[in-house]
């Protein structure tokens, strides 16, 4: 039985099309990624990672996926896309969580302007061609508020996070400023930023979400910083110095908090799906190890102490997968479960993302325990997953995430 | 202000020397390692950044002479009855800077336990090998060659397997041992070590402790081949690779003690290995504490340092609490090595089981502490600039080695519950 | 918002009828159970618990629920009943997990003979009247194989558990023997036992599942033993000395392993649902505590350290509920997800039960931490839930459960 | 065979008396408690089974005299420089049998810390109250009355609140203190205690430590009313209830030390409370180990004792490991009470923070150990006949008391990270 069938999930909710896309991603993974991924960490010139991303984003077409058809996209921009995305990202994550994470940011960044029912016609008209009429890779980079700030800059706050950027009214334009902002992903490789700003002199006097093309004047992207994992994702701090963008790039028709929750709900779903793919790959590897390694004269998996650890690994995957697919379904049916930006849906998606990403770190850590040095060596193909999912996990924001959960379930007002 | 030195240790147990030696290593860490350690990750193969730090520690400070008897040019710590807690402090300080260097140092010391620690000092072998370390201007490394391609933790699982699965063989041919076999993953391999302690059997398939042999093999002996270092998740300052022994001949006297005693003192080696592993982890955790304290003091949330947020303080608290407990347990474990007459023989099954228990606890907590610290720091937690993620990557290996957690569990259960077949 | 709506679950799968039954159970709980439950521990003469069970089992009619209509039952004996059961047991568990646990045993014991598509007409004809044509409470008690045995009795083994009872061919009868068997529930109050036996001289020479009326000759039920919680459930060790029952009481048409897995899949679902109800009650209590208790000059829930603990409590409920409802759905749709007795479904149900029951112990333990002495005192209404869910949790069998998971996901042969 | 006595302690720290006293209590536990403790749960209100055991321990063995100075008829342990580790052993042994009796005993000792421990022995008050305990044929109990209906852990949170939320007031009226207030949940209430140490304020709403007062109130003083004992999850041998103080008048000298020093030595009381809590837990865990070892040795699976199954052995191992670590940490914590000159003042914030950290770790582990032991035993784990579930129910209260886990976290964070507003 295929690993993807071994692990339970509500398969009634998956369509055949989802499986077709997943298959082509599986093929891409086997050909373009898996043979090379042990070298990704030293692929300083993007010679291995770059072409792989291009194949996925351009040739298979993921970067067009969520743009409306009339702007040249694949038109998968209704919430129903959620299960498609999960199944696709399982496959991408299985091969390389870093590439999955790039797509997670790119996809969720666009939800506030391109997802039904809130399609921002102006913004789509302007920005869709960047992603749809090109043979080049296009990447989005969400810049979210942070939990605390080293510089003491605090232009506002939202859901217990600090807003560091500002958006000032400037007639037909909006001027964005912000020092040393750390995006969720792709800060060093982005074509388009989605930035949450404190609004100054705009219709909304709280928080506004603005899309900012990376080639706008006044943007400085630092060198990508070195990090634990997700090497494919070149993240870097970004500085905005009086960056002017057309007014229509600001999601002024919607509240900043609404956009914030929508982006995070979708990003939570994507991050969870990537981690499931990663865990499933490790499951296959450790399963093979359990079959072939001999301990006390029998296969490792037949030693009950090791079987118990193997069971823990599998159980993390099973539980995480059920949870993630349920979030996908809930997002797909806003009439039944609430909109992506409702407090309830936001809380559920955050809670599941916290659960799944930390489960992934545990599960892969457990697999490493069993594989000992082979788990720790790059050639074992496990340690990269471990570093990758940890890097995803830290991005979910544990303490503010717990506060989000408390806020909803206990109606807390001051957290 | 509270510092890492405020974590509790049983002060009654400390060596008179430990302030002095600990201080020197602290200074070395601050000047020679911490400013450069972010470069170690890319330096895993060449060790351009690692080697100068090693040289300072081994040669200038002189750590490579530490356990050798004074008579052969060493510091004579092998004869001290404070060597346990002193080494705990040394490894803690080195581990705080870099657990990779800590393991390289401890593993150099490791085979020497067989011959240079009282009450079992093998004067002949000390005289033979001490000059390699004590009369040298260059750092010298040693290593135990234990793990094999199959069998893995079965090799270390002496209590149950009694060496039955060891496939590296030693045959006596006249006055020489002839060694054949293939070892994986010893620390300080990949061309680093000068001297190996090879775990082998004089009778393949036997689980009689008499057939277990511990034989010293200088790395330049004919027939010894080392592979390329492995690339791995962390621990860049420590190289690991394969070693092949092909008809390697060494003098008969290079076997540490002979039938029975090799196996016996090898249990002491395991005991020391566990205590040292715990000490590395305590060091890494203390450094994590320092970094996190700085981060949460400087990062501002709602006009107050992050550490004043009670939910954050709870995470910080759990980390301090774990370090406090782990440090106490580690020094207690080290103390038992110094006072066998009060506790138990260093080579007893009790000693092995209990030090395994401490190592298991401390290593698990160290992973938890570094993991939670990184999570608390959000995207900065995985940013190499903050060094927390480095500790997280590095210390995972400590949990995995020497048979990993499952073997620790079996050893502990065997002794505390009288299990007979684990 | 109602607590039952706060916590996410795939509500598309619940019918209106399910909610109607749940409402009448809610009413029963408020009237018959909640006002008295603090005294349940000292209700030695069954004066409070007995009438409450009668109202639920006889008046509301739960004990007829899963019998086919043609034998006088309510006819909810297709796997589709799963969501009904879950929603009902959430409500029972909220009031008293003990009563929920009694029903869990009674219901799942019957699955192998009364659940579509394997209706055992003979056995139903004989046994249904006991439950359907009566005004008295009728309780079932499953006797499962155990993990190890003190006496060294080992008549066979199944899925890593020891079978202690035997069933011998005796012409038209089957003779059951077994010493000091410990049922899952209700050993001291049962009307019908469901016993897994090693088969001797029967068509099947492995394991056979036999239903045994409690008034059969040769059965000795010990005094109920005192236990941590679930006081409503009077469990006791049971001795069978050459107990003869008609052949048709043995599920000979089906494999013992199949029956074993079917019973445990359903029991896992029931036990999970009971724990969710219990957790939801504690959630309401601790929520109120968080509102009214003052710490450092503000409501407890506004202290972020306490909010983080509150969040943990809520998150355990949310995750557990999603998982449990998914198992319900999977059981309801054997064509999509496999039969209740398939290895995959069995593993999923066991894994979720392990997860949910231990989550319940954690969640309620966390709530107690926040409520301090009030959580520990009986009057706080939390400590009973804590003891109750722990008693459910131990019954799930942690180590053998982990072995079940390993067996399926890693194809282990000797565990 | 390995027994509970094989769990490690730092032997250098033990009192010369501890073998003797520990032995007596072990015998008492075996004969007077363990055979009867299953009846305690239903006996929570009447204490028909508990009282004879208490009498034996308090009067026949004489524990109620332990800390009082010899001059006033006590054993004089309050002047010993081994009282910390000795009491750790005592509470461990009592806790092994029943943590309820352990807390009743420790809480009797608790208020006396204010006046009967060196270097702060209040001779006048010792002379006043010692006879109540030392010249008695009946068990005598004492208690600290701390927690209040609102405020809860804020009372214990001296570091942050400085007593600001205390609503029990003491007003000086000539030569007498007049006390008014309502306390909840002290151990040994519900009619048990003979003497209370009442935490109160001389100026309501003040967070000046000078206004914090610790005043002794004999239970039979007019105006003291005790409620009915509460029914609770476990800890049946310990009664808790409300106390109301209504214009209760006691002599001025009954205030332990006066402005500033009351608050200072009260921190020592907290420090002792934390160490003792840890010791109870270690005892309960050691008993759990014994029971589990028996269960898993006798239960047979596939022809071998359950403990020979490696998955079971892993669970057993983790339990032994946790006990090992917890016991070492607890004795280290006790040692710091005996050697303030080497470590820190018993009443320092450092002492409080560190003992809170140890208590938090040990209490959490104790719940985990008893919880996992019960799970491992399946339906037998929740069967009262096996006593594991009793420990599980009992020890949960240890985690909750003295401000619970969250306060432990805040105290630990405050000291280790220099937090100022927690």
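Per-chain residue numbering starts at 1, and chain names A, B, C and D are given in the order in which the chains are listed.
By our rule, a residue touches a chain if its C-beta (ideal position, glycine included) is under 8 Å from a C-beta of that chain, and two chains touch if they have at least 3 such contacts.
Everything quoted here is computed from the prediction, not taken from an experiment.
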| item | value |
| --- | --- |
| Chain whose Cα centroid lies at the greatest distance from that of subunit C | B |
| Higher-contact pair (C-beta pairs counted), A-B versus B-C | A-B |
| Geometric centre distance via CA averages, subunit D-subunit B, whole Å | 39 |
| Approximate Å spacing (C-alpha centroids) for the pair subunit A, subunit D | 50 |
| Per-residue multi-chain contacts in subunit B, two or more chains | 309-314, 406, 409-410 |
| Residue list for subunit A, restricted to those that touch at least two other chains | 304-308, 399, 402-403 |
| Residue ranges of subunit D in contact with subunit C within the complex | 38, 41, 147, 150-154, 157, 160-161, 184-185, 230-235, 240, 298-303, 306, 309, 311-312, 315, 367, 371, 374-385, 389, 392-393, 396-397, 399-401, 403-406, 409-410 |
| List of subunit A residues in touch with subunit C within their complex | 6, 8, 10-12, 283, 287, 290-291, 298, 301-302, 304, 307-308, 310-312, 314-315, 318-319, 322-323, 326, 329-330, 333, 336-337, 344, 348, 351-352, 354-355, 399, 402-415 |
| Interface residues, subunit B side, partner subunit C - complex | 309-314 |
| Residue ranges of subunit D touching subunit B (in the complex, touch as defined) | 1-2, 6, 8, 10-13, 289, 293, 296-297, 304, 307-308, 310, 313-314, 316-318, 320-322, 324-325, 328-329, 332, 335-336, 339, 342-343, 350, 354, 357-358, 360-361, 406, 408-410, 412-422 |
| Subunit D-facing residues of subunit A, complex | 303-308 |
